[in-house]
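Please go over the structures that come below.
Both complexes below contain subunit A, partnered by subunit B and then by subunit C.
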Partner chain A sequence: MQAVVLLKQVLDPEIPQKAFGVDPDRKVPQVDRAPQVLSIFDGNALELALRLRESREGVRIVALTLGPAGADDVLRKALALTVDEAVRVSADSVGLDSQQKARLLAAAIGQMGPVDLVLSGRQAADWEAGQVGAMVAEALSLPCVPFVSRVEGSDPLLVRQQLESGHAILRIPGPAVLTVTNDETNVLRPAKVKDVMAASRRQIRVLDMADLGPLDLGEPQVDLLSLSLPPGRAGAEMIEGESAQAKAQALARRLRQIGAV
Partner chain B sequence: MDFRLTPEQKMILETVRSFVKTDLLPLEVEMQTAELAGKGHEYPDRETVRRLQLKAKELGLWGINTPEQYGGADLGTQMTALISMELSHCLVPFQFGGSADNILFHGNDEQKQEYLLPTIAGERRSCFAITEPTAGSDATNIRMTATRDPGGDWLLNGEKIFITGGNEADFAIVFAVTDKEKGARGGITAFLVDRAMGWTSRFIPTMGSWGPARLSFQNVRVPQRNVLGEVGWGFKLAMQWIGNGRVLIPARAIGQAERLLQAGLEYAEQRVAFGHAIADYQAIQWMLADSAIEINAARLLVMHAAWKQDEGLDNRHEASIAKLYGAQAVGRVADRVMQIHGGMGYTKELPIERLYRDVRLYRIYEGTDEIQKRSIAKNLLRGSVRIGEWD
Partner chain C sequence: MAKILATATLQGGAATAAGLDLLGLAAELAGASGGSVTVLALGAGARAVAQSLLAQGADEVLCSEEPALAQSPSEAGLAALLEAARQVQPELLLLATDSLGRDWAPRVAARLAAGIVTEATGVAFEAGRFVGTRPVFGGKAVARMAARTKVAVMTVRPGAGSAKPPDAAGQGSGGVRDLGLEITLQPDWPEVVRREVEAVSGPRLEEAKIIVSGGRGVGGPEGFRVLQELAEELGAAVGASRAAVDEGWVPAAWQIGQTGKAVAPDLYIAVGISGASQHMVGCSRAKTLVAINTDPDALIFETAQLGLIADYREALPALAQALRESS
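On to the complex of A and B.
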């Protein structure tokens, strides 16, 4: 079984709010100082793939990303977690919409021979569009199972799908795209030191546009008109008081005063 | 000149961070409870440390500076320094397993089997015993004697003091005078001495969590096969031991200083006085800025000294500078962060006062500030380093 995991490098969502900015003219986030990390749900997807490989013979994992050379860091991480191959589609993804990215990724997957499973995070931690996984399925004419949180059985493949309340168990008989959500069982494991060192000696396969053959990316279906930060909120108001009771009374008075209760 | 961490360094630090977050940080509460009960120096106990070391081993965090042929990861001094900084962001004192005193690697095959390998495996614990009540910085002046009896064994007599790990050790690497006339130049020998051979230890209470021991030797009989290295040339080994770890002390200090600065920063932004967060006041800002400057400087000094070590260059001068500066800097940072916290910082509700006491040790052990300055000045006066020289 060959499983492809889509990995996206994003700005570290953990950076303090104050450190985040956008360039309104270029309509992109300012990335100068912020570290780049693997998008969290993609990490969950990778963990799911690793668990699947541990529970079933003959699973081969390919990590695939789209972006400039800097995006290799997420592939190095995947190699350190012992994926079997790492591939980067070399393209500047800025300005591409979800559909165009999905077509590029699908074209790369098309180069990989028979692929049984494609896993991606349910959405990326930067734009939160949540579309690429489903659109890759569309481009490859595969079914898409969203919000998968666990592999419940490896042969036949059974997955747990998270629902608004509760969950469903689904059997996946043939090739499919799974978009993965987080769960306490699929937190991405830390890399082992020896695997990190071994990963530094492994190659990343780079595919450029020419390698993907004739490809019609089409026009962007979504036009980003403007990008701005939410307006700053007024500072918090501290309620003073000598004791807990006095503070509670002062809080109740204030809530009444502003019409909140 | 590239100051960026490599992807490998970043990933290994991520792994360390993950271990710290999952396994080490949750113990801080227990440690603080032990501190409040006056038992801070007993925490964490040997079983806890062993359990944590084996957990870390699963991630390959084992023997980080031990050669691969001995099962280590052999990550080099720079990586070890970076790991040490990361690890000491957590206040629970902890070292990864799988390492041994560097001079044990000088043992013969038999000694390696009996002492080195079990130490690396965590089955035995060593201590390095050179300091005596009347010989600290001037270690060439030690008085412990080793005399040979007619049967060929050695008899050790004397006292060792301030021996790190001396209460827990199964064996000691002991330095004793075998030829008074020759002194450090051919008259001091290193011995591997099992506790079972008859030495005793006594705990020395200190102002911090460092709980060293006083070791007592009265006619302790040590066989000839337990001489480490050559008879008479133990002092050379001692210098190698001291030199090897010097650069890692400030690395630990940097991690602690960073943790302190983070606490100072957060408190300064939260604490309101005279209608403003105290972070708005210049007096506090300067404390934060001075601390950040010193931490950054110490970090660069450590990494430069570590880089020289990895390159096989003589780094004694740089290691002395880094050790001296890092040890002093963390003390100043602890002092400022306590000042930022005011009365709260002085209480045992917060760990600041403990760190304030603990880090004072760095200026004393493994070469005092004065010894470092003496070496630095001597290097300049002798011309063994030149002003403005980089490598």
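On to the complex of A and C.
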């Protein structure tokens, strides 16, 4: 079984608001020495793939990303977690919409021989659109199961889907795309030091547009009209008091005053 | 003259509050654009709720109760949505940011070659097209986006619209129709083998007027019992940040934030939550946000209206008592 995990490198979501700026003309974030990290839910997807490989024989994991050479960092991370292969589609993804990114990723997946599962995070930690995974399913004509948190059985493949009111267990009869959400079982494991060192020596396969064959990406279908900072916040009115009890009583009074309870 | 197709999410045979808010928004946009609203109600009970949807702003309701919708909700629902889009030919397809809306929207956009805006907190009709406003980068920036295509697909968060008061006289002109599509389960479709409902005592997070929510600062599952006691007192729901879920202290269904749930209660009490923007995206629509934290530098005090620097183990029981005494 071959499983492809889609990994995206994003601007570190932990950057505090005060360090975050935007370039209103180019409509991109503007952050000094912007640290880049693996998008959080993609880490959950990778963990799920690693667990699947541990639970059944013959699972091969390919980590796939889209971006410039700097994006290799997320592939190195995946290699340090012992994925079997790492592939980068070399393209500047700025200015591409989700549909165009999905077509590029699907074209790369199309070159990998039989692929049984494609896993991606449910949404990226930068633009948070939650579109690309499902659109890759469409581009590959595969069914898609969103918000998967666990693999519950490997033969047949059973997955747990997180829903508002609980969860559902789904049987996956054939190739499919899974988008992954977090729960306590799929927090990405740390890499072992020896594997990190081994990973630095491993090859990353780079595919450029020419390698992907004739591909019609079309025009972007969405206009980004503006990107701006949210309106400033005044900061909280701090409730004072001699003790926690006194503060709690003052809070209760204030909540009544403003009609919140 | 813009036609709008909106989906109605049913829960236990009734439209959800979020679904009715979405319908309210659809009706408002139809008013602004001189258009009409068709609602697609899917699943068991669709016919029974159709009349109430007409009374709350739908001009027409399409129903499907095909059993495949419960067996393979993603694939069967997508088929139904595509059929509805074929019949209605909408300029705007509106879905809620619940699990099914988020599931269908990008796929239906791909099939219709439509531009898509997800997670909108507001939608306006401007210069002939629908413009969605949405937080990005964990709420650190705001984007305005619009489809370039003739058809636009949008998912909309709770609170972006508000339900219209039911108007028995306002029966939509188009009435109620069956979608007329037979949906057969395909062999390659993932199929639900069982569902497990998380036992929830008290109101659902999405519909709660008051939410008491805990983060890493709560320190462990036993700490959440303190939150639950206050919640019971207030008739509130209990939520959590991603950190508390990842630690395994509470079920993932409690998670509020960039993922998890986006909530819009009257009062949100954040306990031991640092205020990382991923979380704040999910609760920033609360009318009043109270932060209780031992760390005076916690980021959440920037966003909260009311702040309390205290140990929640002391503050919450005292708050419960104070509210009980003065009521």
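In the analysis below, the second predicted complex is superposed on the first by the 236 of 261 C-alpha atoms of A that agree within 3 Å, B and C clash if a C-alpha of one lies under 4 Å from a C-alpha of the other, contacts with A are read in each partner's own complex, and residues count from 1 in each chain.
Methods note: a residue touches a chain if its C-beta (ideal position, glycine included) is under 8 Å from a C-beta of that chain, and two chains touch if they have at least 3 such contacts.
Note that the structure is a prediction, hence the values are computed from the model and not measured.
Novice: After the overlay on subunit A, what do you see for subunit B versus subunit C, clash or fit?
Specialist: Subunit B and subunit C fit side by side in the superposed model.
Novice: Could you look at A:Thr181 and tell me whether it touches subunit B, subunit C, both or neither (first, second, both, neither)?
Specialist: second
Novice: Of the two partner chains, subunit B (first) and subunit C (second), which one does A:Met238 touch, if any: first, second, both, or neither?
Specialist: The answer is both, since A:Met238 touches subunit B and subunit C.
Novice: Regarding the shared-chain residue A:Arg76, is it in contact with subunit B (first), subunit C (second), both, or neither?
Specialist: first
Novice: By residue count, is subunit A touched more by subunit B or by subunit C?
Specialist: Of subunit B and subunit C, more residues of subunit A lie in contact with C.
Novice: Give one of first, second, both or neither to describe whether A:Asp126 is in contact with subunit B, with subunit C, with both, or with none.
Specialist: Touch partner of A:Asp126: subunit C, not subunit B.
Novice: Using C-alpha centres in the superposed arrangement, which angle lies between subunit B and subunit C as seen from subunit A, in steps of 10 degrees?
Specialist: 120
Novice: Quick check on the superposed pair: does A:Val193 touch subunit B, subunit C, both, or neither? Answer first, second, both or neither.
Specialist: first
Novice: According to the stated criteria, A:Glu164 is in contact with first (subunit B), second (subunit C), both, or neither; which is it?
Specialist: In the superposed model, A:Glu164 contacts subunit C only, not subunit B.
Novice: For the combined overlay, can you note the least CA distance between subunit B and subunit C, rounded to whole Å?
Specialist: Subunit B and subunit C, overlaid via chain A, are at closest 5 Å apart by C-alpha.
Novice: Following superposition on chain A, which residues of subunit A contact subunit B and also contact subunit C?
Specialist: Residues 238, which sit in both footprints.
Novice: For a test of understanding, state which residues of subunit A touch subunit C in their complex under the given definition.
Specialist: Within the complex, subunit A contacts subunit C at residues 11, 13-17, 20, 22, 27, 29, 41, 97-99, 102, 122-123, 125-135, 137-139, 143-147, 149, 158-159, 161-176, 181-184, 187, 219-230, 233, 235-239, 243-245, 247-249, 251-256, 258, 260-261.
Novice: Spell out the residues on subunit A that touch subunit B in their complex, using ranges where they run on.
Specialist: 72-73, 76-77, 80, 190-197, 199-200, 238
Novice: Spell out the residues on subunit B that touch subunit A in their complex, using ranges where they run on.
Specialist: 6-8, 10-12, 14-15, 18-19, 58-61, 64, 73, 75, 272
Novice: State the interface residues of subunit C toward subunit A in the complex, per the touch definition above.
Specialist: By the definition above, subunit C touches subunit A via 11, 74-75, 98-99, 102-103, 105-107, 109-111, 113-119, 131, 135-149, 187-198, 200, 204, 206, 210, 234, 242, 245-248, 252-253, 255, 258-259, 261, 266-267, 276-278, 281, 287-288, 290-291, 299, 301-311, 314-316, 318-319, 321-323, 326.
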